[in-house]
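Both of the next two complexes hold chain A, though its partner changes from chain B to chain C.
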Partner chain A sequence: MKKRGIGLGCAWYGTGYGNGFPDVSSAFVEIHDDGSATVLTGAVDVGQGSSSIFAQIAAEELGLRAEDICVNTADTDVTPDSGTTAATRQTYNTGNAVLKAVRQAKSRLLTFAAREFSCPTPEGIELKAGYIGVKGDPSRRMILGYMVFKARLNGERFISAESSTARSTPVDLTSGQGAPYWPYSFGCQAAEVEVDTETGKVKVLKVIAVHDVGKALNPTQVEGQIAGGVTQGIGYALLEELELQKGMIKNPAFSSYLIPTALDVPKIEAYFVEEAEESGPYGAKGLGEPAMLPTVAAVINAIDDAVGVRITALPATPEKILQALAEKKEELG
Partner chain B sequence: MITIEFSVNDKTYVLEVDPRERLLDVLRNRLGLMGTKEGCGEGECGACTVILDGKTVNSCLILAGQVHNSVITTIEGVGNRQSPHPVQKAFVEVGAVQCGFCTPGMVLSAKNLLDKNPHPSDEEIGVALSGNLCRCTGYDKILRAVKLAAEEGKQ
Partner chain C sequence: MKYYQPQSVNEAIEIAHSSQGMFLAGGTDLVLQMQKRKIQPKALIDLGRIPELRDIKETKEYIEIGSMATFSDMGQNQLIAEKAASLWLACQTMGSPQIRNQATIGGNLGNCSPAADGLPPLLALGAEAVLISGEGEKQMPLADLLEQTPLLSPGTLIVGFKIPKIYQLSGFAKLGRREALAIARLSVAVALELDGSKAGKVRVALGAVGRRAFLSDSLAQALSQREFNESWLELGISQVQGVVRAALGDRASAPYKRVAVAGVFREAIASLRQQGGLDK
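Let's turn to the complex of A and B:
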């Protein structure tokens, strides 16, 4: 018989290295006289899209398009260290470093432009759509690159270096007190499953995932990370089992260590809550790892809802489910 | 060593090869076509997918000696920046690429599906892509992209 059930999973997750470990990201920025800018940072984009985020941040600050920003990353010859792409930290930590660096270079550009435009204060200058000019006076503006070119002829360059250190204090081992992580990320997911009571096979039909991301700097990437997390979570819940024998991996191949394929994924609906994280770039915080955490609990709870058995060791393979069903039958006599 | 003649992306090649060389290595090392990726080397991940005489195959499992007189399409023959294939366009539009390692294989599997079956069902799309593993996207946007490409093809 096929039985359906629904389960809920919730997660909160401290992002960054945490527990007082120095968590530092850094960035170099230069604004060029062709109206482009370069960002250099050690942060590695492994596909989650951090390089796009850095281009977006620089573009937003400079009134340029993301494609006007050249982001060079992960080259120890030229880029400053930004720690690992781990701990759900690049958008938040390196994003902050990039933002600080861009703002530093920009503030000198504004000061120079204020002089050029005979504007009493740099606050009166704005960068918009590739132009630099006096706020509210369209007659006093010029192409951004041209202003940088003028500055160059005057021996001024807009180059900056900045770093950002995440807030973290170690936990006091005697009192258990401390503030190991900042910020925290929250998520909640609901899964609907179908359990075949004859074979023990579980099919996940649908997952609804809601995550607090502070601010979705790139909504497409947020959806992509959520779907990727949900799918890994399904693998974690139902398929993936690392078999070890005397410290050796017994199943080091995709035919014996199963990960989800296109046929194993349910309908995924991703939603995000945008409650600005004040210390993050434009209110953003990390999402990477938290996206997969609630899935496991949601799926296991849904199995329980469907057939009334509690699976306490992952993955919930057909064998384990059949055994649990048989034990339950025995108990009921 | 044997001499083989075969066509890759509409270009004919005559090569002296060790018949035991893998097609994957011939494409990457001899022809410099680096778009074909090696993931597992064991026929399980689909990163090395190419179209061989109208069928998608894992090029890590094909020996050079087997491709004599064959017609092969690799990702380099599918489209480029200036004129992307409808599947590639849809991947970009939907945001179906994260790390990109599975992407060439995914695009080739999707293209071959749509060439044969321009209006596939969701199930048929899933089956066609099920030999291509992706660890980043959760397949969600990839499946949407293939559907989009199929829909655009209808118009």
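Let's turn to the complex of A and C:
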């Protein structure tokens, strides 16, 4: 018989290296006289989209389009160290470094432009839609690249280097006090499953995922990261199992170490809460790992809701479920 | 290692004799084993250039399938969908689209994995295997062939299969660890003649229960010539569990499989009913 159930899972997760270890990211920026800009950072985009985020940040500050920004990453010959792509830290930590670097180069550009436009203060200058000009005075503006070109002829360059350090303290092991991580990411997911009581097979029918991302700098990427996290979480809950024999991995291939295929992934509804994180770039914080955390609990709880058995060792294989069902039947007599 | 591409069956047989090579069909099993150096053939005889080996056609008494028909060929074939539904269903879930485009039904028998997806349906449907070697062509029930060890004598080519047009209804279900790219942990194929509301002759084959796919005589006896209803299904379930118990003995997978086969059998019957429109 096939039985359905719904389960909920919640997670909070401290992002960054944390526990007293300084978390440093760095970036170099140059604004060019062709109206583009270059960002160099060691941050590795492994497909999650961090390079797009850095382009968006630089574009936002410079009044350019993201495609006007060239982001060079992860080349140890030329890019400054930005730590690992780990700990859900690139949007927040390296995003902050890129933002600081862009702002530094920009402030010198604004000073130069104020002089050119005979504007008393750099605060009076704005960068918008590829132009640089005096706020509220459309007669005093020019294409950004042209202003950078003028500066170039004057021997000025808009190049910057910045780093951003997130500090935390280790937890005091006796009192349990400390500030080991900042910021924290929060998420909540609900899963609906169908359990076949004869084969023990679990089919995840639907997952609804809600995550606090501070500010979604790229909503499509947020959805993608949530879908990826949920998929990984389903694998964690139902499939992934490293089999060891005397320290050797028995299943070191994707034909024997199973992860979900496209056909194993249900409909995923992704929602995000935007509760600005003051210390993050435009209020953003990380989402990478938190997206997969609640899925496991939601799926296991949904199995419990469907057939009334508690699976306490992952993955929840059909064998474990059938065995738990048999034990339950025995208990009830 | 030598590589041949014969243009005809006769040429293939001659090359097999002179080269002592192995026949290469889709390669989805053989090439993997060669990469792992479990098999190191002296020569490969690629059957991909012999068009007649890929034919799927209907004759008066049979549906004939060439050994080089891929799972995609079969899974997209109207004739098979209508007259050999069990096999058609197996073709929808075997491997992934990429593997189905490459893997052949002849290779499925040649490799003869315990979990081969194509064999239980062919067994249930009463298929005859057509073989050819230096001694000539011969035809024998697949069920009998699967009793032989070794399966095929050296130099024997699987020409194809002939499925008799006896069973109006057939079904298939497979239990894998996931929805695609999953090796069958259990598979059940059922074929039956429908005689009014009664099941006439019934054949049930099981996969991934033991060394090779097999046809169960006891299930056929228990389920044939009976009213086809809910109690027939329940009888089938308790019987099939017994068959799996007996076949697996004290293997590690036995405690799970002998219980889980109930759900797989139920699903196989459901697929058969849908196709016969019996649930409407």
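The rule is short, and it goes like this: the second predicted complex is superposed on the first by the 333 of 333 C-alpha atoms of A that agree within 3 Å, B and C clash if a C-alpha of one lies under 4 Å from a C-alpha of the other, contacts with A are read in each partner's own complex, and residues count from 1 in each chain.
Everything below uses one rule, namely that a residue touches a chain if its C-beta (ideal position, glycine included) is under 8 Å from a C-beta of that chain, and two chains touch if they have at least 3 such contacts.
All of these numbers come straight from a predicted model, not from anything done at the bench.
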item	value
Which superposed partner A:Thr84 touches (first chain B, second chain C, both, neither)	neither
Which superposed partner A:Leu239 touches (first chain B, second chain C, both, neither)	second
Partner chain(s) touched by A:Asn154 [first = chain B, second = chain C, both, neither]	neither
Chain A residues touched by each partner, larger count belonging to chain B or chain C	B
Touched partner set for A:Ala262, first chain B, second chain C, both or neither	both
Contacts of A:Ser107 with chain B and chain C, given as first, second, both or neither	neither
Contacts of A:Asp196 with chain B and chain C, given as first, second, both or neither	second
Touching both chain C and chain B, counted on chain A across the two superposed complexes	255, 260-263
Of all residues in chain A, those that touch chain C in their complex	196-201, 239, 255, 258, 260-264, 318-319, 322, 326
Partner chain A, residues of chain C touching it in the complex	96, 175, 177-182, 256, 259-260, 262-264, 266
List of chain A residues in touch with chain B within their complex	46-49, 220-221, 223-224, 226-232, 253-255, 259-263, 265, 268
Footprint of chain A on chain B - complex, ascending	40, 42, 44-45, 95, 97-101, 125-127, 129-143
